[in-house]
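Following: one structure in structure tokens, then a few remarks.
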Amino acid sequence: MSGVSGFEKFLKIDRRWIFLAVGVAVVIPFFFPLGLLVDVTPPVQSLYDAVDVLPPSSQPLLLAIDYAPATLPELEPMALAILRHAFSRDVNVAVMTLHPAGYGLAERAGLQVAEEYDRVYGEDYVYLGFQPGTSAVILSLGVNIRNVFPEDAYGTPLSEFPIMDGIRNYDDIPLLITLAGWSAAEAWVYFAHEPFGQEVGAGVTAVMATDYYPYLNTGQLVGLLGGMRGAAEYEGLVGHPDKGVRGMDSQSIIHMLIIALIVVGNIAYFATRKSKKLAG
Amino acid sequence: MTLFWTTIGAILTLSIYSFLYKDNPFYKFAEHLVVGVSAGYYLVIYYWNYIDPNVVTPVFLLRVGADRIPLLGMDWWMALIPGILGLLLYMRFFPKVAWVGRWPLGIYVGGYAGLGLSPIMQARVITQLGANALPLAGVEDPFAAMTNLVLGISIFAVMTYLFVAKRSMGAGNKLVRAGVIVLAAVIGYVGYLALSLLSNAGVVSLTNILLVVGLLGTLSYFFFSMKHKGLLGGLARVGIVFLMVGFGASFGYTVMSRISLLIGRVGFLLHDWLHLID
Amino acid sequence: MKLCLSLVVLLLLVSAAAPAADDAETVDPLMSDVEGAVQAPVDSIPPAPPSDLAARDHIENTDAGDKIALSWSLSPDDGAGAGDVIGYLVLRHPSPDAPGDTVAVVGAGSGRCLDEAVEPGTAYYYTVASLDGANASEPVLAGPVAGRTNLWQPARTSVFVLMIVFFALVMIFTRLAERGAALFIRRIPGLNAIEEAVGRATEMGRPVLYVPGIGEIDNIMTIASLTILSHVAKITAKYETPLIVPTARAVVMSAAEEVVKEAYAEAGRPDAYNPDNIRYLSDAQFAFAAAVNGIMLREKPAANLYMGAFWAESLLLAETGFEAGAIQVAGTAMVSQLPFFVTACDFTLMGEELYAASAYLSREPKLMGSLKGSDWMKMVTIILMGAGVILNLMGATGIVNWFQTQ
Amino acid sequence: MRRRLPLALCFIAGIFTAVQYFIPHAAVQDFQEQLLGWLMTLLAFAFLLGTVSLIRLHWHKIRNRADDRGYSFVALAGLTTMIGLGLFHPAHHSPDSPFNVMFQNVQVPIEATMFSLLAFYVASAAFRAFRARTLEATLLLVAACVVMLGRVPLGELIHEQIPIATRWILEVPNLASKRGVMIGVGLGMMATSLKIILGIERAWMGGTD
């Protein structure tokens, strides 16, 4: 009988002990990195390949940084890795956002990587800013980019940027990548890929990633980065390991912890139920 | 200065984490602060990015054709129409004329509803169907194709039987259920091995069979116009299996997602704020 | 298709903007010493001409009728034969004999060109000749063809047909339901689970907790939840079991009050209705979850029902409820929250089951119409998929091609 | 005027935006182009409605001397500070402006941290609530554990087949079931849109007059 109450007591421990365990499991790998290697999965590889074939100093990659601060740790590493990939290959980039909170985040990602690679604003990349209305914005871009963004985020007319010369609509954008923690990624598929045939790649949070596999399978998305792991894979491909790769050690440890908790919790649960049945 | 602001960010981060101990004034302070700050941020971003260049400037300053380009090449009076409609939305705060606010709302709601219709049909239904009308055999060699087809169908028949039959025998005991799962997994794996020995294309056709049957099952599960008996019942049971595996994948990914966010914040505290790691 | 066209357009732009472009794929016909020509073997034999030249009106998303699309089969000397074709010269003529204007020079290996500068409604003739750097082949002729502003996008016919079928189904079933036709919906097993849970709470003499999600009142999950709430309230009224409804939105609270009060009146127990049990807690997600958890721990409901739109707070609610030992039934169409409910609750209404349950209970025509319409549309998709699979087995790809919208 | 006109406007706007998809004629598309601009403007104004509601909510709390009105002051102070810095500070466009600094160091850390709280609750729920009580739940948990293992580098070390199994789960059963859900949900979305356009579903109008 002591076994029963032991299990029951065990199941009823203050959950703050579990919180503590999680905290410790996250922090430790930061100080003692395991340095595990991350394999590359096909959805990430195909997005990388799509960026890798873009011609240098030609039509720009349109990068829609549609995330908000709530999903920053998952999606910002993707933005940095993709920008590094593009800038290291001299690919022009136009950055924009569909989320008002993405305004400052898109700006900071662009500034950071442009500085790393000595890229000049206006010659190698432009920041178009934010426009409200998700589906209406995406559809308008298909008619004429200048309808939506007559000027960049700082009020300079697009005509003053040489890299936007002759860029009229999706016909002149070889690839579009959206990074979003909400349905914006789907909206790009509906309103840019379906009517205009625009090639779309996406980076989404892991919560959303499994729901996007049907789009990947049909080619409605050329590639997909799912969560921090997707970012880590892309960082590995670019050869510039950063926050994504660094996070993978902690991720490994906590996943083990959670699986152990599920297993132990279930054993304890069934043990108490069985003994209750016997007793009753 | 940077250190000052990073410290502010770190203190706010820790205030949020204090909720783990229990709800407290620090958490509530940060929670309410962010409600106000984000609303203010959004308002300003909307104003400078949209309202100012597209409504205020062309309408009130009449700077059309000067150094700013009005939206969609509209004339200033054209920009006036949506601007006025937009202002009408605010009539809802005045109970006597609140109904006027429904006019712009009608255009807004109807317009966005219409925009979505066809692209959704195209993206979510037609393209998905096209991708799922798969060649089940998918191999040139007709003998291999037939073998694959028969193997695939028999694996499925066994799995369906096990799930349907065991289910209808009542609750059953845990051990039997676990046995069913293990057995189905073993059969599936053996089938997979057998197919991969035959040919690589065999695996492809098994995959295709699973995709077709899985979609069929899932759609059957969400079919409400008939009782779930007979073939429909069996398909719905298979659908449940696929749905649960799919949800399991989402579950694993969601856990991953939440943990990534925590890792990101811990990285911020240890790296950007305390500089304990490089 | 789109990509190919845009490539052609790019080539066109390059050749139009820069006559001396040194891109190996574009060659200016007026200059015989272009780079491409130097690499190709120079001889005095003209290459074989291209064949099957077709010119047709190009339909694009915004169709001003000013584009004509050309396609042709490659010259036998392009990449094979003599292998010296370096491009194709495309000319536009007002009549078959008149001299033509250069439209573009298309690089070898490509059999497509888009003329973007035609006058809408004017008939034109096109010639295409293959070039080997020194000589040009006999031109092949196509025409007359005129650019038109089209009223129909043929690539989207399949979308249109399926939309009409679907909308017709929805409207037919809505009308039938309005006229009171007996439309069958199978009983959702989750409803039995709800009734069992309420029964259990009655036996134990403890309250029932009903959380209608944290969606706004215009969210269809919230609306469906209120229908189910009405059903639950009728049962609790009959058994005189207290029903606690915490809400995260003020408007949802007043709606829930109405629903519960009405249900108690219908059950003949208006006196048993306790307005203090319908509570507004907080708009903030986590504050709301914490407050509901407080109710679970203090008032110890024996049945927790979560129906409606849930986000990340689903996990916090379901965990505390499980821990408190309540029977839990959940229902939501938020796919990302379903896994947590499935593992922590005794029964879960998944996705459309929530709507089906509310249509089953309320029999409201507009709910019945879309549910039955969607149902039979699913049947249509299953049949189409089956036909596609079978035809595919037989080597016919007609249906699959019809699904191609681009 | 009160009910007919908004319903008619909704019907006209909805039918136009739905049907234009099939009509490439330049005249139709040019009007569509204009309408898209109108919809963007309306969305911008509608979004700001939320801000007004927020101010009213907290204003009422302060005026009614609610117990937690202190926090309402905090919210309103945050709002006015941001509006002041954003609209009236001369350097509001610069990345170094106080407006952006506030965003990067107040809004970003708080919002980013909020959802990371769930990492702790997931772990706690894993121990206390995720039970293999039914066949369904068992399948779900097994698939979840395989995916969790297969998506971290440590899983690859444990067994080389785990990432392959993960990939299979994602690309076969997950794909099939998500596609089914996608079609079902898509039909539901279209049915709702249709009912809104035809005026059968009028919840957006609110009220009953």
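General remarks:
Chains here go by letter, A, B, C and D, matching the order in which they are written, and residues are numbered from 1 within each.
Throughout what follows, a residue touches a chain if its C-beta (ideal position, glycine included) is under 8 Å from a C-beta of that chain, and two chains touch if they have at least 3 such contacts.
The structure presented is a predicted model; accordingly, all values stated were derived computationally and were not measured.
Listed by label, the chains that touch chain A and also chain C are B, D.
Shared contacts of chain A and chain B, meaning chains that touch the two of them, come down to C, D.
No other two chains have as many C-beta pairs in contact as B-D.
Comparing mean CA positions across the assembly, the chain most remote from chain C is A. Separating the centre of chain B from that of chain C, both taken as means of CA atoms, is a distance of 12 Å. Mean C-alpha positions place chain C and chain D at a centre distance of 17 Å. Looking at chain C, residues 61-62, 156, 159-160, 163, 166, 286, 335-336, 339-340, 342-343, 351-352, 378, 381, 405 sit in touch with two or more other chains. In chain B, the residues touching two or more other chains are 19-20, 28, 31, 35, 38, 41-42, 45-46, 50, 71-72, 112, 115-123, 125, 127-130, 132, 212, 215, 219, 222, 243-244, 246-251, 253-256, 259, 261-262, 264-265. Contact of a single residue of chain D with at least two other chains is seen at positions 21-22, 29, 33, 36-37, 39-40, 43-44, 47, 93, 103-104, 107-112, 114-120, 122, 124, 126, 128, 130-131, 136-137, 140-141, 144-145, 148, 151, 170-171, 174-175, 178-179, 181-185, 187, 190, 192, 194, 204.
For chain A in complex with chain B, the residues that touch the partner chain are 16, 19, 22, 26-27, 30-31, 70-74, 100-101, 103-104, 129-132, 135-136, 139-140, 146-147, 150-151, 153, 155, 157, 189-191, 193-195, 205-207, 209-211, 214-215, 217-218, 220, 226-229, 243, 246-247, 250-251, 254-255, 258, 270. Those residues of chain D that touch chain C in the complex are listed here as 21-27, 29-30, 33, 57, 114-115, 117-118, 121-122, 124-125, 128-131, 133, 136-137, 140-141, 144, 181, 183-185, 187-188, 190-192, 194-195, 200-201, 203-204. Interface of chain B with chain C (complex): residues 19, 23, 28, 31, 35, 117-118, 121-122, 125-127, 129-130, 132-137, 212, 215-216, 219-220, 222-228, 243-244, 247-248, 250-251, 254. Touching chain A in their complex are the following residues of chain D: 21, 29, 33, 36-37, 39-40, 43-44, 47, 93, 95, 100, 103-104, 107-112, 114-116, 119-120, 122-124, 126-128, 130-132, 141, 145, 148-149, 151-157, 163, 167, 170-171, 174-175, 178-179, 181-182. Looking at the complex, you find that chain C touches chain A at residues 1-3, 5-6, 9-10, 13, 61-62, 335-336, 405-406.
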